[in-house]
Amino acid sequence: MYTQFATILIFLIIGVCMVPLILLVGKLLRPHNPDPKKLTTYECGEESVGSSWVQFNLRFYVIAILFLIFDVEVILMFPVGVTFRQWMTSQAGKGLLVFAEVALFIGILLIGFAYAWVKGDFEWIKTIRPQKKS
Amino acid sequence: MTAQDVFFYIFALITLVPAFVCVFHPNILYAGLSLFGSFFGVAGIYVLLGADFIAATQVLIYVGGILVLILFAVMLSKNIYGAKFQDEKKKKILPGLLGLILLGFLVKFILTTPWNMTLTDEAPLPTVSRLGDLLLTDYLLPFELASILLLAALIGAIILARSK
Amino acid sequence: MSLPEFLKDLFESWPLLGSIPLWLYSLACILGLLFLFLFPFAGIAVYLERKIAGDIQARIGPNVVGPYGILQWIADALKLLLKEDIIPAAADKKLFILSPMLIFLGGAAAYAVIPFAENVILANLNIGIFYLIAVTSMVALGLILGGWASNNKWSLLGGMRAAAQIVSFEIPVALCILTAVLVTGTLDMTQIIKNQSPYSWNIFHNPFMFIAACVYYIAALAEANRTPFDIPEADSELVSGYNTEYSGMRFAIFFLIEYAECFVICAVATTLFLGGWYLPFIDISGLALGLRIPIEAMVFMTKAVCLLFVMMWIRWTLPRYRVDQLMKLCWEVLVPFSFACLLGTAFWMALFKGKGIPELIYSLLGWGS
Amino acid sequence: MMFAVDLRHYLVLSAILFVLGIIGILSRKNSVGILMGIELVMNSAGINFVAFSKYVAADLSGQIFALFIFVIAASEVVIALAIILRIYQNKTTVDIEDIKDLKC
């Protein structure tokens, strides 16, 4: 197992230092004359208005919550999924029992999914209500 | 000094230096980013300990999930009047001192207590199928309770985060 | 056995090459994979895309540089190399440089576990497909940083939207891969293919697997920001999304990684659902190893390139989704479907003790192969 | 031998990570920073569990616990960040100094 992960480690190291390498090659070859006009942020030609660290509401965050919870569920399901076939093919009697366990695990989380669906948390709010100025 | 020991020290550095930066860096965004390096170091430590599935889970959950959440939170909670994340003016001497004392105790206990460890040096076996069997047989109750915990966390967080 | 080990055994007896340590072999294989496969293939994919787009829109597409425009992508690469690469003054310099690195790492590291042929896989990890999911989830991080660092309102929104899209489409992808893992029973990529056979591919194992394959393809299409789901680069609204401020070679990295990820999606789809390097009903395991590996690699590549062609075909025919339609599609169509496929496959395997439709038909007909 | 890596080295590493996490929790003013400290503490606990599962008990119970640590860490981060962002919506600040009074 260590040799495979050693290859992965070497791959990651090369991957990390590949981008600076490419950029370095680029830096050597290309012209470099920054002028302030060129360095302003691009806003379709107009002057950029206000700082860009603009505030936005929480629907990005709700998406991230849903992702993390269901990601953890998938991760717990992966070891079970790997041995699922063994349980099904070898011990004949326990097939449906193991399926019941897996179905219970997924069913409980589907309740949360249904709750989020019914409460309309999947709709991407079209109108952005003006931020309540404190 | 086999190869694994060298890699242990490398991954220990990759874990501790970004963790150090994360604790002491004034800018909260760079602190969040240095967590990225420390999570990778911990994943490397898991690989050295022969836990390949746990290492991949660590990368998937912490780097792909929790760090994305933290960065979203940092960006969403950027206070409006344009303060550029500089928020740390608090002194760090007292917590640092306390930490060092705690560290001293911990290391003393670690080095003195006789752990009955069994030093085996054969290559670690793949763990995924054994984890699956354990989850389905011995640890079935925690497996089902974990889904209830996730359900509670999901519903709680959605209610809180729903922007009325 | 992974490629470095296979090469080491192959060249064991040679005088000079015999004494090279294993990690040097893997280093050579990695550099070979990156420079001989990833970069050229991404370039050729760009060329293919523009040719197909031209064909679909009844025009010719690039045909100036080299015969039929084959060298067009090299010209593009050189042009980008020589373009000036500015970092906006207001940008956050450190993050601006870090973001392409993260994205390149996320996209390229998935190539380590793609099984081109019997022993031709860079790292024969026991958690192959799971490692792939873990690594591709890093791209969302790079997009957020890219959008945030360029200090441009549109790239910030583009970066956030791209991250939200990638993050939310990762659930259907992970669930469909889990469904395939239920059927194959292992995470090791070469083992997944070996559990299938020329006569029973995973996609025909049971009806739910067929749906899971389609859901995977659609969700992975969205995860790679390909049309009809490339909201972040929606030129009408967000100029060019998170990579507005990037120019020159940095932009080339974003561009290159998009095509690298497209191939990863097609390769994973062929491995999990379309029986990897197995020809439909022709069993070639009897041939000598030296002959079998090239044929297997060609079979694998033809399947992957066909899926790539479909991806490009879709890009130039379907209009783009709006953001709320996109999120609604993900959370109200794809995720329920993938949950249903997961439970359906589990029930099917519980019912038929892990046997799929092909095995059942063969046992009925008495072939028993 | 000092350098041969065994259980104690992993425990020292997780102790240092644990202490860094504690310092992070105590010294941060920004509540999202406190959460990062909590993540470090969770990681150090994970390293302990997996180290014990390799060196002491040969079975995989340590790794199962590390798996459940991921479940707990994920749900904890989700809830904590939801609370923080809810506080931020009302009081537009995440600094713990300003979140002292009981009524938001």
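When the chains are written out, they are named A, B, C and D in that same order, and each has its own residue count from 1.
Following the convention adopted for this analysis, contacts are C-beta pairs under 8 Å (C-beta built on N, C-alpha and C of every residue); 3 or more make two chains touch, one makes a residue touch a chain.
None of these values were measured; they are calculated from a predicted model.
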Chains in contact with chain A and with chain C: which ones?
B
Selected pair, greater C-beta contact count between B-D and A-D
B-D
Centroid-based (C-alpha) most distant chain relative to chain D:
C
Min distance from chain CA centroid to global CA centroid: chain A
Inter-centroid spacing, chain D versus chain A (mean Cα positions, whole Å)
21
Distance from the mean Cα position of chain D to that of chain C, given in whole angstrom:
34
Can you check how far apart chain B and chain D are, centre to centre, with Cα atoms defining each centre and the answer in Å?
6
Could you please state the distance in Å, as a whole number, between where the Cα atoms of chain A are centred and where those of chain B are centred?
18
Can you pull out the residues of chain C that are in contact with at least two other chains?
125-126, 130-131, 160, 163, 167, 170, 186-187
Give me the residues of chain B that touch two or more other chains.
4, 50, 52-53, 57, 60-61, 64-66, 68-69, 72-73, 75-76, 80, 124, 126, 128-129, 131, 135, 146, 150, 153-154, 157-158, 161, 163
Name the residues of chain D that each touch 2 or more other chains.
67, 70-71, 74-75, 77-78, 81-82, 85, 89, 92
Which of line, ring, star, complete and other names the graph you get from chains that touch?
other
Considering every pair of chains, which are in touch?
A-B, A-C, A-D, B-C, B-D
Quick check on the complex: what are the chain D residues that touch chain B?
3-13, 15-24, 26-30, 32-33, 35-37, 39-40, 43, 46-47, 50-51, 53-56, 58-61, 63-64, 66-68, 70-79, 81-86, 88-89, 92-95
Could you pull out which chain D residues touch chain A in their complex?
67, 70-71, 74-75, 77-78, 81-82, 85, 89, 91-92
In their shared complex, chain A is touched by residues of chain B numbered 3-4, 7, 44, 47, 50, 52-53, 57, 60-61, 64-66, 68-69, 72-73, 75-76, 78, 80, 82, 123-126, 128-129, 131-133, 135-136, 140, 143-144, 146-148, 150-151, 153-155, 157-158, 161-163
List of chain A residues in touch with chain B within their complex:
1-2, 5, 9, 51, 53, 55-62, 64-69, 71-73, 75-76, 78-84, 86-87, 98, 101, 104-106, 108-109, 111-112, 115-116, 119, 121, 125
Touch list for chain C against partner chain B, complex:
94-95, 98, 125-127, 130-131, 133-135, 137-138, 140-141, 144-145, 148, 160, 163, 167, 170, 186-187
